[in-house]
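The two complexes that follow have subunit A in common; it is paired with subunit B in the first and with subunit C in the second.
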Partner chain A sequence: MTDPLVRPKRKDPLKRTRMPLAPPAARSRTAHGLTAAAAEGKFALQVCSDCAAVTYPPRDACPSCLSPRLPFMPVDNRGTLVAETTVHNSPEPYFRERVPWRVGVVKLDVGPSVVAHLHGDTVEGARVRLELKLDKIGAPVMIALPAKETPNMQDDPQLREMTCDPKFRRVLITDGRSAVGQAMAKAFAEAGSTIVFVGIADAWKPYPGMEALRRIERVEIVPLDLTDSESVAEQAEQNGGRIDIVVNTAEHVRAGGFVDRHGLTVAREQMDIRYFGLVRLAQAFGPVLRGRGADGVNSAAAFVNLLSVHALMNWPAYGAYAAVEAACLSAAQCLRAELRPGGVKVVNVFSGPLETEWFQTVPPPKVAPAALARAVVDALKRGLEDVFVGDVAEDVRARLAVNPKALEREISN
Partner chain B sequence: MSSVDLLAFAQAVASGKIRVIDLTQTLSQEFPTIVLPPEFGQCAPFRIEEVSRYDERGPAWYWNNLSMGEHTGTHFDAPIHWISGKDLPNNSVDTIDAAKFIAPAVVIDCSQQCAADPDFMLTIPFVEAWEARHGRIGPGHWVLLRTDWSKKPYPQYAGMRDDGAHTPGPEPAVVKWLVEERDVHGFGTETIGTDYGQGQHFNPPYPAHFYMHGKGRYGLQCLANLDQLPARGAVIFSAPLKIKQGSGSPLRVLALVSGED
Partner chain C sequence: MAGTRKSYDGVAVCVPVTIPYRRYSVNSAHWWVGRALHALTRQARLRPKDIDGLVLSSFTLAPDKPIGLTQHLGLSPRWLDDVPLGGASGIVALRRAARAVQAGDAEIVACVAADTNHVDSFRKTLSTFSRFAQDAVYPYGSGGANASFALITRNYMNKFGAKREDFGKICVAQRDNALSNPHAIMKKKLTLDEYMAARPIAEPIHLFDCVMPCAGAEAFLVCREETARSLGVAAIRLLSTIERHNAFADDPVQVRGGWAMDVGELWAMAGVKPDDVDFVETYDDYPVISMLQFEDLGFCAKGEGPDFVRGHSLTNDGTFPHNTSGGQLSAGQAGAAGGFLGLTEALRQLAGKPVGKPVPDAKLCVVSGFGMINYDRGLSSGAAVLARAA
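Here is the complex of A and B:
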């Protein structure tokens, strides 16, 4: 059984903040098949298209039949922990600071044996589940978890190195005026976040749900306007050092594309709130997040972007909106590279139309704000990087993988 | 007619014999901007981006880029702003005769009434009672409505509720009367707009805009320091930016008031 995580003591202000270090990051191009699976929380290994052998570590030819056709496929992740050891010393600076560190060999039921990190509740000789995770530098690693849930399992220190669990972390929800922002505040409070900062722009304008938002435990309303560089900078100056997870809930959804829209006012607002808002957050909060990636139990952990899945393929009915979302996705990819050295994950959460007033005329399936919030918390607990929430998001992703051109034509009809 | 001694005027300003009162709110990001239903186009709030501040972006100089709407902060409304004034000659800020930017003002104090009632409505009898005390409003005067609204914190200043804004302003009849019977220069307020907060429900909607601009008169809003002006005798300097076909403009509004002898 894992010792339950305790709320960290207040920091000794005379001590230097521990600097983030990276575990070894080098992976072959083929091995990034594991990165792709880990990013979405899947378990995939190479399966030979010719002889069906499952192989690990990643290779360019099948060790059984020498076939080069070795795609990554979802496989059963169950196995047995056949050997375990505890590392007490390591030449790697990252592990030196974290020893003792348990590793072991897991014999997977599907064939290969894997050297993996070990959850504290795994026992030599017992059944385990292997999960693919992204470590502090975003490289794919495997961790063996006990076959069944154990008490406080999520609090295991080795597992927590690979996740962004909101428990005892402080989160900033950038916009609390919307249903999504409010659902997010509730979900993080329930997930055990120590402080849920919720940004409100133009506090003189009332908004639906204001009273309910204020009543959520550990919610602290703060002035924050993503369209105002000074406001974002001031919030980062005041609270940046004690914000571990940023969830950008700012949204600006309007139906329509370009040809039938009059002028640029709405387009500018969309870019200002979404794209420039993200840039402002990145500039203001990025440096301090990146500097606090190894700052103990409540280290900086994640920057969450809520994106339309139509960032991946434009949906002309909401075409201008989708174009801005695509810009945000591109910015998020840059931010991911910039924050990775600090051990801070950029989590992109894609969804289709939401159950909100701006998608009122769109028929279901739509994603409820509470479902989106649950998906975000779940993604952080599991340490995911790319998340697809709801039927539309999954459908777009699947069709994009098969034939992007077909999707482009079909989505515009 | 003898010439006016402008040097004496300048000396009176310098010596404080003529007091200059700034009626302008500071342009800041936080200052409330008019809110329309979200499906309409919105007036941009004031935003400021540093270009450089004695740093690598410009080692010896500090400056900013600004963005805002024509109707952000303390601002001037030109007749072209409203549909009723769209076909008038010289109806935009760049074509209005510059002499119009200097005009006398009367200040109607209804701050006491507004303190108790954010829905206070200016009526003809109220103005007539004011005239009984201060004399008839002369032609070519700004009519400035002192409500002390500029002193309120932003939530009360904007007065937004689930049925729209609740802020004081004029009823339709008094605006029409000020234009037709008193030939005023324009109408100025401390609130976000020249109209009553619930002015969209009047007939015509937004009468201060409809009647004033329909007859080529002007508007000033988001004014401050009206409590420092006398009921009559102040002269207002209110020159908007010369924006091509501009419907209005943020501006510095100054009042000249004769000081104590």
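Here is the complex of A and C:
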């Protein structure tokens, strides 16, 4: 059983903040097949297309038949913990300040022996399941978990190095006016976040759901206007040092493409709220997030972008909107690289049309704001980096992997 | 199969050289290689140009390879080899040099292993040791070899009932042997109580299960018997050798090395039995690996290592003299030179000129090597049976 996490005390402002350190990040190009699987929370190893042998560590030829055809495929993650050790001595500064650290050899049922991090509830000789995670530097690692759920298992210190669990962390929801922002506030409060800051621009203007939002426990409404650099900077100054997770819920959805619309007013507005809003957040909150990545139980952990899956392939029915989403995705990739040295994950959550007023005319399937919020919290608990929520997002993802050109043609019909 | 191999008749192994180790060195590996070659030429009264074959083993020559060392050191060999096999380097260099000499491709082959040890060079070596280590071992606690051998040791203990005391006995006996070796880095007597009380490094590995990384060099010459005679140096005979890589890949955790595959051939080719040898030099990066070698070289059956150790003193003046200069555990591990340490010590014992305490009437021995923990296990193994000239 894992000792339940204790809510951290108020930080002594005179105490030095522990600087973030990184575990070894170097990987071979082939090993990034594991990165891709870990980013989406899948367990995949190389499986030989010719002889079906399962292989690990990542290779460029099958050790059973020398075939070069070794795609990463989902495989059974169960095995037995054959031997374990507790590392007390490490030349790497990251591990030096985290020892004792348990690692072990897991013999997978599908074949290979895997050196893995060990969850505190795993027992030598017993059955375990392996998961692929991204560690503090975003590199793929294996962790062995007990075969069955154990009490408080999310609170294990080694596992928590690889996740962004909102429990006892402080969150900023950047826009609380929308149904998505409000659903998000509720989900984080329920997930055990210590404070849920919710940004509201022009607080004097009432909005639907205002009363319900205020009634959510631990929600604190704060002034925040993503179209105003000063407002964003002010909020970061006020609360930046005690915000561990930023969830950008700002949205600007309008139907239509370019040809049938006159002028740039809408396009500018979209860019201002979505793209420049993200840039403003990155500039104001990025430095302090990156500096607090190793700041104890409530260290800075994640920056969450809610993106349309059509950032990956333009959907002409909402073409101008999709183009802005694509700009945001590109910015998020840059932000990911910039925050990684601090151990802060940039989580991109892709969804199709939402069950909200601006998608009123779009037929189902659509994603309910509460479902999107649940997916975000789940992704943070599991430490994911790329998340696809709902049937449309899954569909676009799958078709992109097969034939992007076919998707481009078909999506305009 | 074994019968098809040609014998090493006529080959002489001679002029063992050890450049005393240092914990840290400000000098380069090149400097250590140079010192070893200098000592070889001095002791054999050779001119550098008489060395027409060179085989080098080193982890720390970068950016150079052995070819760069020929120009650096002013040698012009007609036979050059690189044996980057860590702890198996000595045996492999020896068997390649022996065949080159037999075939006449070279007359005098210098076999040299040298490594330097700078402050922080150990961490750099660990993190870039191999692609599998980089992708699938080093990110897991970065315990390096200590953690990898901890898992092998733990598994061996689980499977065969070995106790920490059994590994302790190997370490303590080697320390006894080291006390008469002036070159040994560890100079203080070690008791079993001290061994047991040492701080954990990666359980069940504790402090005295670990070698001390250091800088140093080991070297010897391989030539024909008549060449050795004309140089006036003691010639040791090579009776047989084996070499194997990536054996038993399907064992979930390493419980045996490649020796187990080839041990029959090793003794058959030498025409002797395990019981005939007067002493044994194993590769002792961790005591569990010495125990595997006792089993895999045929001194006892698999799983009987602990009992075998309990039944012998393992000291130079006792039963089953083992790692008679203290091995790497007490003399220090000078990188690839650790793979030569047992060989140079064996050559001295067989010639009756040990640096430390002699093994009484040492005529026959087996030396084995083991190296390159690429992912979760050592890949290379080798062994050689050596005899004093009749």
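What we mean here is this: the second predicted complex is superposed on the first by the 413 of 413 C-alpha atoms of A that agree within 3 Å, B and C clash if a C-alpha of one lies under 4 Å from a C-alpha of the other, contacts with A are read in each partner's own complex, and residues count from 1 in each chain.
Following the convention adopted for this analysis, a contact is a pair of C-beta atoms (placed from the backbone, for glycine too) under 8 Å apart; a residue touches a chain by one contact, two chains touch by 3 or more.
Nothing here was measured: the structure is a model prediction, and the numbers come from that model.
S.K.: Sharing subunit A, do subunit B and subunit C clash or fit in the superposition?
M.R.: fit
S.K.: After lining up the shared chain so the two structures overlap, which partner does A:283 touch, if you call subunit B first and subunit C second: first, second, both or neither?
M.R.: Touch partners of A:283: none, neither subunit B nor subunit C.
S.K.: I'd like to know which partner A:49 touches here: subunit B for first, subunit C for second, both or neither.
M.R.: Touch status of A:49: no partner.
S.K.: Report the partner of subunit A that touches more of its residues: subunit B or subunit C.
M.R.: Between subunit B and subunit C, C touches the greater number of residues in subunit A.
S.K.: Does the superposition put A:412 against subunit B (first), subunit C (second), both, or neither?
M.R.: neither
S.K.: For A:231 in the superposed arrangement: first (subunit B), second (subunit C), both or neither?
M.R.: first
S.K.: Can A:266 be said to touch subunit B (first), subunit C (second), both, or neither?
M.R.: first
S.K.: Mind working out whether A:88 is in touch with subunit B, subunit C, both or neither, as first, second, both or neither?
M.R.: A:88 contacts subunit C only, not subunit B.
S.K.: Give one of first, second, both or neither to describe whether A:204 is in contact with subunit B, with subunit C, with both, or with none.
M.R.: It touches subunit B, and subunit C stays clear.
S.K.: Scan A:23 for contacts with subunit B and subunit C and give back first, second, both or neither.
M.R.: Only subunit C; A:23 stays clear of subunit B.
S.K.: After superposing the two complexes, find the smallest distance in angstrom between C-alpha atoms of subunit B and C-alpha atoms of subunit C.
M.R.: So the smallest C-alpha gap separating subunit B from subunit C comes to 39 Å.
S.K.: Using the touch definition from the top, list the residues of subunit A that touch subunit B in their complex.
M.R.: 202-206, 225, 227-231, 263, 265-266, 269
S.K.: Given the complex with subunit C, which residues does subunit A contribute to the contact?
M.R.: 23-24, 26-28, 31, 56-58, 63, 82-92, 94-95, 99, 101-105, 107, 113-117, 124-125, 135, 139, 141-142
S.K.: Considering only the defined contacts, which subunit B positions touch subunit A in the complex?
M.R.: 29, 32, 35, 41-42, 44-45, 47-50, 153-155, 157-158, 160-162
S.K.: Spell out the part of subunit C that touches subunit A in their complex, as residue ranges.
M.R.: Per the stated touch rule, the residues are 122-123, 126-128, 131-132, 134-144, 146-148, 150-152, 154-155, 158, 199-205, 249, 252-253, 375-376.
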